[in-house]
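After the structure tokens below, expect a handful of questions from me.
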Amino acid sequence: MTLTDKAAELEALLFASGDPVDPLKIADLLQIDKGAVPQLADKLNECYTDNSSSLAVIVLGGRYQLAVKKEYAAVVQAAVREKKNAPLSAPAMEALTIIAYNQPVTKSFVEHIRGVDSSGVVNSLVAKGLVEEAGRLDLPGKPIAYRTTDTFLRCFDIKSLDELPPLPTRADAASFAQDGGADEDIQDGKGGDDM
Amino acid sequence: MAEIRYKLDVFEGPLDLLLHLISKHKLNINDIPISSLVDQYLEYITDISDDMEYAGEFLEMAARLIYIKTVSLLPQREEGEKLKKELEGRLIEYSAIKLCAAALSGMYTDTPYCVREPLKIDTAEPYSLRHSTAELLAAYGALGRKAKGSKINTAPFQVIVSKRFVSVTTKMVYILKNLYQTGECTLKDIFSDMTDRSERVAAFLAVLELTRNGRILLNEDNTRITFSNSEYSEDIFSDFDSDGAEESDTSETLNASEQG
Amino acid sequence: MTLTDKAAELEALLFASGDPVDPLKIADLLQIDKGAVPQLADKLNECYTDNSSSLAVIVLGGRYQLAVKKEYAAVVQAAVREKKNAPLSAPAMEALTIIAYNQPVTKSFVEHIRGVDSSGVVNSLVAKGLVEEAGRLDLPGKPIAYRTTDTFLRCFDIKSLDELPPLPTRADAASFAQDGGADEDIQDGKGGDDM
């Protein structure tokens, strides 16, 4: 299956951009109707599948990005010597969860929910590219707010924040605390505070 | 101490410890019996007060619990109830986050779709959007008080950055010059008016270097130095003169000691 | 024409690497014979031609790189230009303000004033040509100093830095602090003196 001119142009555009591109921008640059963008992306993807290409167009937060299929992750990681995504520590996962469900939020909000200083943890999430600055809030001291990034979506394999699992209800959370869902971990002492 | 630290390291913080105690003692999180929670909590952290920095957050929570317990004993119980509800709310909220974090961590993949860096093309076309300077002022305002940055003052660092380096060669000349006049001298004499660390280190290395190439001799208890062979004395300065970088430095030292 | 497994792996590898890759490294990563690399690259290219893809494998100084065909140069240029012209983010505007009013300044100075790591933001300003390096300062570690460029003047439509609007005076700042609830520190006028 061969690409149409416009599909090839889309490929070139996404290849050059690297980062996710807004459909409006795509429509503008390719001089096509905005409504035609998803179709064009599908076309490109079909073609990649037909030709057993390693590439795929993915959608992240409504924007389009050219990426390597997951099956080829091993060979790519070896090539770019990118460190494999180190598993996130428990504190980092807690902070990330708080930011993901409440964004945009400040460090002190994260700290309030966790009950411990969380500045370092949030900084490490920023360094990992999972979280980014989202301007300042109009509060005393003008604190910086944080939000999750496209990389966050990619690392959790979801297309948009809507796909995050629903927050547990108050009742669930209360009963979890009571019957000690976390208990076993505590007994054998592998809480793992290190990042 | 290490043991306590280990015991607490298991927890993410005081809220985590409280959740643990609540589940361990099968307390009702929707109506926590504050008195028994305080006791259990204090028992848990009883030994950590030596290490305030580490245990600060745990101790703060202890203080809060005790405060809630205290106000609950007052005839006007509203405040106690309010604080207790607030704590219960926080605990439930934190518990929800822990649940959710566990679910999310199952979704985290260490082999995501790989993407690439944007193509690096030098378009030689810089940023061309137009802005008004008012946007700068607005950004300045958003910084709040912090924007009141003063220019970097390099003066306090001058001491560090422009610290004098005394070359070993200079000191070798200085030592030999001393020996011309006196024939021998004590190490103490050499170091006596040196206060600068760099100077002392250079002088020490100079002694070692002169000893190594046989121009001076150290006595048995390493306190006095003497010329080992006077016939070298003529050539010494010509040796050093070839060392261009050191030249001016050296002659300055010579002039100074000649005058003296 | 569909890709073989190895050809698809080669595609994935070149895609993610970006830079030209040495054939020895390719052979090593794909576990194939070094002699088979040119053939594999040809195969990939043939496939791209057959499918009218916008991509092509090019050889540069004996090394392989995935690139966009010349015919698509216009679209690529447009994409890159678009990227360069992405509007300044709030953090970028903050950093630019700090540099504009205090130049020459180091990254750590910007970071100190903003209260968060600002290295990435300053780099993006350099990439946009709004800010440039201005030698090193006589400070421990000889840090690089940054200053604004002519592009900066053009973008803000001023002829020289003298035309930057004056900063609020201390009195203004104090009243700002009162309405905005910012800090007392302003009163004594030496907010962030320390580095």
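Some notes on this structure:
The letters A, B and C name the chains in turn, as written, and every chain counts its residues from 1.
The working rule: a contact is a pair of C-beta atoms (placed from the backbone, for glycine too) under 8 Å apart; a residue touches a chain by one contact, two chains touch by 3 or more.
Bear in mind the structure is a predicted one, so any value in this text is a computation, not a measurement.
Comparing chain C-alpha centroids with the centroid of the full set of protein C-alpha atoms picks out C as the closest. Centroid distances built from C-alpha atoms place B farthest away from chain C. One finds 20 Å separating the Cα centroids of chain A and chain C.
For the pair chain A and chain B, the distance between mean C-alpha positions equals 33 Å.
Centres computed as Cα averages put chain B at a distance of 29 Å from chain C. Listed for chain B are residues 114-119, 121, 142-144, each touching two or more other chains. Among the residues of chain A, those in touch with two or more other chains are 15-17, 19, 66, 68-69, 72, 76, 80, 136, 141-142. The part of chain C that touches chain B in the complex is made up of residues 12, 15-18, 68, 76-77, 79-81, 83-85, 87-88, 90, 93-94, 96-98, 100-102, 105-106, 109, 112-115, 128-130, 137-140, 149, 151, 155-158, 163-165, 167-168, 173, 176-177, 180, 182-183, 185-186, 189-193, 195.
Residue ranges on chain B touching chain A, taken from their complex, read 6, 9-16, 19-20, 22-24, 26-30, 57, 61, 90-105, 107-119, 121, 142-144. Interface of chain A with chain C (complex): residues 1-5, 8-9, 11-13, 15-17, 19, 21, 25, 29-30, 47, 50-55, 66, 68-69, 72, 75-76, 78-80, 123, 126-127, 133, 135-136, 139-142, 144.
Across the complex, chain B meets chain C through its residues 114-121, 123, 125-137, 139-154, 157-158, 160-162.
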